[in-house]
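Each of the two complexes below includes subunit A, the first together with subunit B, the second together with subunit C.
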Partner chain A sequence: MSLANSALRRSEAKWGFLYAAPAMAFIIAFVGYPLGSLVYHSFTKWDGLSEPKWIGLHNFGTLLSDPVFRNALINNCLFALTVPLQVTVPLALAYLIHRQLPGWRWFRTMFFLPAILSTVVVGLIASLVLQLKGPLNEVLSAVGLQSLTHDWLASSKTSIPMIILVVFWANFGYNVLIYLGGMSVIDPSMREAALIDGARNWTILTRIYAPNLRRVMELVLVTSTVTAFAYMFTYVYTITNGGPGYSTYTTEFYAYSQAFASQNLGYASAVGLALMLLLSAIGFIQIRLLTRDER
Partner chain B sequence: MTTPNGRISNSGRPWYLVLAAFAVALLLAACGSTGDTSSSAAPDFLSGGATPAPATIKLWLSGQFGAATPGSPYRQWIDAQISRFQQQNPGSKVEVSLLGFDNDQIAARLTAAFTSKQVPDVALIFSGGYTTPYAASLTQLNQGVDNTPGMYDSIGGWDLSCAALDCQNGKGQIFGVPLEGVTYGLFYNKALFAQAGIAEPPRTWQTLLDACTRLKSIGVVPIAYGDRDGYSTDNWVTLMYSSLMESGDIGRVNDGSLAYNDKKLVEPLQTLTQLKTNGCVNPDASTRENSDANTYFTSGKAAMVLMYPQVTSQFQQALGNKLGVMGMPVSGSGPLAQNVAANSNDNFVIPKDAVNKALAFNFIKLATDETAGKSLLTILGSPTLNKAAAASNNNPIAAFFLDGLKDPALPLLDSVIPVKDALFYYKQIQQAFSGAITPQAAMDAVDQFAKTNR
Partner chain C sequence: MNVKAMSAVIKRSTKRRRPPILDGIAVLGLSLLAASAVFPVLFMAFNAFRTQADWDASKLGFPTTLSPVAFERAWTGANIPTYFWNSVTVVSGTVVLSLFLAAPASYAFAKIQWPGRSVAYLFTLSWMAIPSLLLIVPIYIEMVQLHLIDNKLSVILVYSALNLSFNVYLLTTFFRSLPNEVLESARIDRASVHRILWSIVLPMSRSAIATLVVFNALWAWNEFVFALILLQSDGSLTLTVGVLQLQGRFGTDYPALMAGLLITAVPMIGVYIFFQRYIVQAITAGAVK
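Here is the complex of A and B:
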């Protein structure tokens, strides 16, 4: 019995590895190799053309005292500060749509519309809207708020909040849709029972829906955090191109500009590695916190 | 995946080997061949010997020609040269790719191409600091130039296409063939000047500021400025340097013997910020792209714009005989104050890993000859560096730029310094003009950056 079982398992394992081989090969080629290359080059001085020169920890030392990197990291953190809003606001809106308030179909379409636009298109629209003579200022002037008109992208004091707003607008519809998917599988009798007990909407949302959507909220939390740190490139590139100066740089934008515009591929690798380690640490903490009750 | 006794892992080793071999094979495929491809081209391709076999050559265009979209004057010129090339090389074709207009984008694309060895057969890139850093990845063209009778002497402005920015009359290492020159002219709208009561174009810095006041009083933006990427400030300040510098100073900045935060470089930037503080530029100057400044000007919303010569035909079409051009009024009174800073704008290069080098060089010879130069003048109004073509010019605006290129006092700073320094420099001077930092702080930062990279 034991021998037969063992032979069966061996056979299963062989086929298992065989089936997994293509995926594993792809992962090694397109994740493992680039990651290894990133780690190696982060310890080198390399312009991408000549042979890399091993310089040990020099790039990381530079990183610690690099004001542009520091500023880029701060910007990422500012973007990340909106994550709680990206988790909660779509939840509330999804609940209103789920309750089928008047016009819910229209709202659902409107909320989701930005999510189907390419991020490049969103960025270009934003850069037009936020110009000094753009539609935003035109509207402000038209409603008598001329004093609020501003060259929104001329200073980081306004351009960073504007980018945050644009990213929030572009992503929240997608999060609403995810929540709606989650709400659709919650037993409606739970809400009906709560209503009979006299619960109001806020209580139903926070005490019934939110706990039942915990897994969905975890997904939204993690994806929003990752977006804040690693998917801001297109928005920054199209809206401000990192400017004025370096004021709207993010770490990934800085890695790109160091690698390809400034030909410092070694240093760019160090920036990329630092970003990856930071994101891994944040992801690890998030997962530990979210799963603490299960441990 | 394994049993507690570990048997599967032991007996499954051959499968691991198969998997590992498969992964390695895929890895090698993903990495691609990094072998030297130069053997695919005849080693003596520049000797002018046998006619190369027909092929499709890949042509990359950057700089102003990065905007050579279908229908544009740039494209019209390049299409004319392609048509000539295809007639002279039956069966061959040219595939055009545009690298864009933004210097960051261009540098990114070139670095990626040279690093991955996925290169074109021929590329038109900025001369000087945008060419020499890639010298290790470019084909040295001396043999081809030497074997083409009269080629070197027929073209001017070679220095920025050679190692150490010195062609030594053709004896230096040549990496590119220059196409056209660049300096900046202050284009102005004669009708708006007349409307503001400005009798003649301003010749001094103070009269320029006075003209600003008059133009503002009639509701016109005096000077169109598109400085999101620092290019407008660069255009202005690079000409201002010549009013304070001495011959050879730009070279000294490049080799580090003259600091970026020397007063010869800080003072012009300080003076220039007066355009902002006096309201001479459009209020959104710091967030509009350089090309937006052209739109302000051609639409009649702005009276002046400092721009390179390649926009001449575009401006002439928009403004007709209302268009004028003058030298930029400068603030300094140095020995070269009355002279112009100018140099070669762009050059054709052949990457070392190009596949069709012989055909590529044929294309370069054709695109820099007298016929091509003449059409550069007629289609774009751009100052060709082909001497015979330049001599035949009858476009008055182009003549202004050709005069400046005859004996420039200095090269343009950002044409000479390495591209990575230039990209940092643009951002700092942009910040200084916008008022976010002082000119002194901006140039201190550039100096520090350059020293670190040197």
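Here is the complex of A and C:
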């Protein structure tokens, strides 16, 4: 039996590798190879037609003194400034739903609707709402606040806060759901005991729930930060298209426009690689959180 | 505890628990937020049933017509049937390919003993750390090299690859929770590895597979950036990219644009309403362990 069993195990071991191999090969082909290609092309000058020309670190030198890149990176940082709110506000909202306030089922369902819509749909509607003759100004005029009406997208001073608001709005339901998932595995008797001891809900949220949801909060922190640095493209593309001028460019939008509008594929790769290095640290924290049990 | 003391405790706790004014304010706030979350859908739906003249007068208003002319203009004027069909093809291709890649790998990571397993698993997951949008340039280059630009297969390959790490994570976590006894008895009955996977493990994992299918379908339907750079001719565009064609450079037919956006959004709203449970499972996969 044990001999047959070990032969069986050996043949199984072979299949273990053969089963995992296609997925790994696929990831190497369509994520690993592009990553290598990104690194290689970031050291070249290339218009996409002729042969790429190796120019060493030249692209990165250009990057350091490129005002558009600097401005784009500053914009990413501005988007990241609201990350603390993206972590805490959904936590409080999730707690209110978790407490089963009247209508909590409806709130839970409706909060996630913006996250169901494609970012293109969200961005296009936001751009229409924020137009000079758009609904936002219409409402402001209707309630007697004409003085506040504004051409919101005419300057980055107003369009960036508006994009921040849109992104927050588009993602908060997603984060609420993550927190609700985390809250559902917290022993409810802890909350009941605290209530009997006369604790306020605020105290319960900050002293019992938040510490127990530490891992989930870290997860939301990481995803929100990565979003602010690497997933702003569609919002920028649909809401301001980077304008006016370069004022609302973000880094990945800049990489896109360098590659596809200016045919500087080498430089675009350098922009992408620089941002990726910046983000890889954050990304690896994410993996560590997800695979904490593996080690 | 005697009854008197118990009722005193209950009285105290209920008194503490619901300060009605604060709860009222909270419910009001939540309602406003919920209203804002529904606003875009209503905005699209209402304006799709208003005329261009209504739109010019005001962007906010209830429907003024019952006729679906805006949908007809969107449907015929912008090639929406083609985009819709392309989206369906891309989503189906992505879901099938993702499942066929992720299921065997996850089974190998969860239930088969083989040398190098944990290293291979961490290697597979580690690609989650790469923000996919930063790969738009090299993936574009790769698809040029493979002559797949403007071919729907390009986005199917890319979508399947970009979510593969997460899919493997999702399924491996689930497969691990399956009882070993069942698999062990199948082994004793000399069932092959393939049989165990396809006729025992997968049927036992219906909810995890539904989660994977719904999550990937939602993601692929809504994806925009890779579709934008990899698909170029009008006949190959998916809805998210195609619907932008409705936004003319000079003068836009706004009711038709609203109808087009609604056509893009409604299928996934339907999926959400019917399969909410699975979407919640996919999202909370990393939060609940």
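In the analysis below, the second predicted complex is superposed on the first by the 264 of 295 C-alpha atoms of A that agree within 3 Å, B and C clash if a C-alpha of one lies under 4 Å from a C-alpha of the other, contacts with A are read in each partner's own complex, and residues count from 1 in each chain.
Everything below uses one rule, namely that a contact is a pair of C-beta atoms (placed from the backbone, for glycine too) under 8 Å apart; a residue touches a chain by one contact, two chains touch by 3 or more.
Since the model is a prediction, treat every value here as computed from it, not as a measurement.
Peer 1: Identify the partner contact of A:195: answer first if only subunit B is touched, second if only subunit C is, both if each is, neither if none is.
Peer 2: A:195 contacts subunit C only, not subunit B.
Peer 1: Under the stated touch criterion, which partner chain does A:17 make contact with: subunit B (first), subunit C (second), both, or neither?
Peer 2: Both subunit B and subunit C are touched by A:17.
Peer 1: Touching A:49, do we find subunit B (first), subunit C (second), both, or neither?
Peer 2: Touch status of A:49: first partner only.
Peer 1: Identify the partner contact of A:187: answer first if only subunit B is touched, second if only subunit C is, both if each is, neither if none is.
Peer 2: After superposing on A, A:187 lies clear of both subunit B and subunit C.
Peer 1: Which of the two partners, first being subunit B and second being subunit C, lies in contact with A:275: first, second, both, or neither?
Peer 2: Touch partner of A:275: subunit C, not subunit B.
Peer 1: Examine A:118 and indicate which partner it touches, taking first as subunit B and second as subunit C; both and neither are also allowed.
Peer 2: Second partner only.
Peer 1: Would you check which partner chain A:244 touches, where first means subunit B only, second means subunit C only, and both and neither mean what they say?
Peer 2: first
Peer 1: Check whether subunit B or subunit C contacts more residues of subunit A in the superposed model.
Peer 2: Per-residue touch count on subunit A favours C.
Peer 1: Given the touch rule stated above, what does A:93 touch, subunit B (first), subunit C (second), both, or neither?
Peer 2: Once the two structures are laid over each other on A, A:93 reaches subunit C alone.
Peer 1: May I ask you to decide whether A:132 touches subunit B, subunit C, both, or neither, giving the answer as first, second, both or neither?
Peer 2: A:132 contacts subunit B only, not subunit C.
Peer 1: Jot down the residues of subunit A that show up as touching in both complexes, subunit B in one and subunit C in the other.
Peer 2: Shared contact residues on subunit A: 9, 13-14, 16-17, 22, 24, 26, 29-30, 33, 48, 133, 256, 259-260, 265.
Peer 1: Please output the residues of subunit A touching subunit C within their complex, sorted ascending.
Peer 2: So the residues of subunit A in touch with subunit C come to 8-9, 11-17, 19-20, 22-24, 26-27, 29-35, 37-38, 41, 48, 93, 96-97, 101-103, 106-107, 109-114, 116-122, 124-125, 128-129, 133-135, 138-139, 169, 172-174, 177-182, 184-185, 192, 195-196, 198-201, 215-216, 219, 226, 229-231, 233-234, 252, 255-256, 259-260, 265, 268-269, 272-273, 275-276, 279-280, 283-284, 286-287, 289-291, 293-294.
Peer 1: List the residues on subunit C that touch subunit A in their complex, please.
Peer 2: Of all residues in subunit C, those touching subunit A are 9, 12-13, 16-17, 23, 26-27, 30-31, 33-34, 36-38, 40-41, 43-44, 58-60, 101-102, 104-105, 107-109, 112-118, 120-142, 144, 157-158, 160-162, 164-165, 168-169, 187, 193-194, 197, 218, 221-225, 229, 240-241, 243-244, 247, 254, 257, 261, 264-265, 268-269, 272, 276, 279-280, 283-284, 286-289.
Peer 1: Spell out the part of subunit A that touches subunit B in their complex, as residue ranges.
Peer 2: Result: residues 6, 9-10, 13-14, 16-18, 21-22, 24-26, 28-30, 33, 47-50, 131-133, 151, 153-155, 241, 243-247, 256-257, 259-265 of subunit A touch subunit B.
Peer 1: Which part of subunit B faces subunit A closely enough to touch in the complex?
Peer 2: Within the complex, subunit B touches subunit A at residues 1-3, 7-8, 11-12, 15-16, 18-19, 22-23, 25-27, 29-31, 102-104, 107-109, 111-112, 114-115, 133-134, 136-137, 228-229, 283-284, 286-288, 419-420, 423-424, 427-428, 430-431, 434, 436-437.
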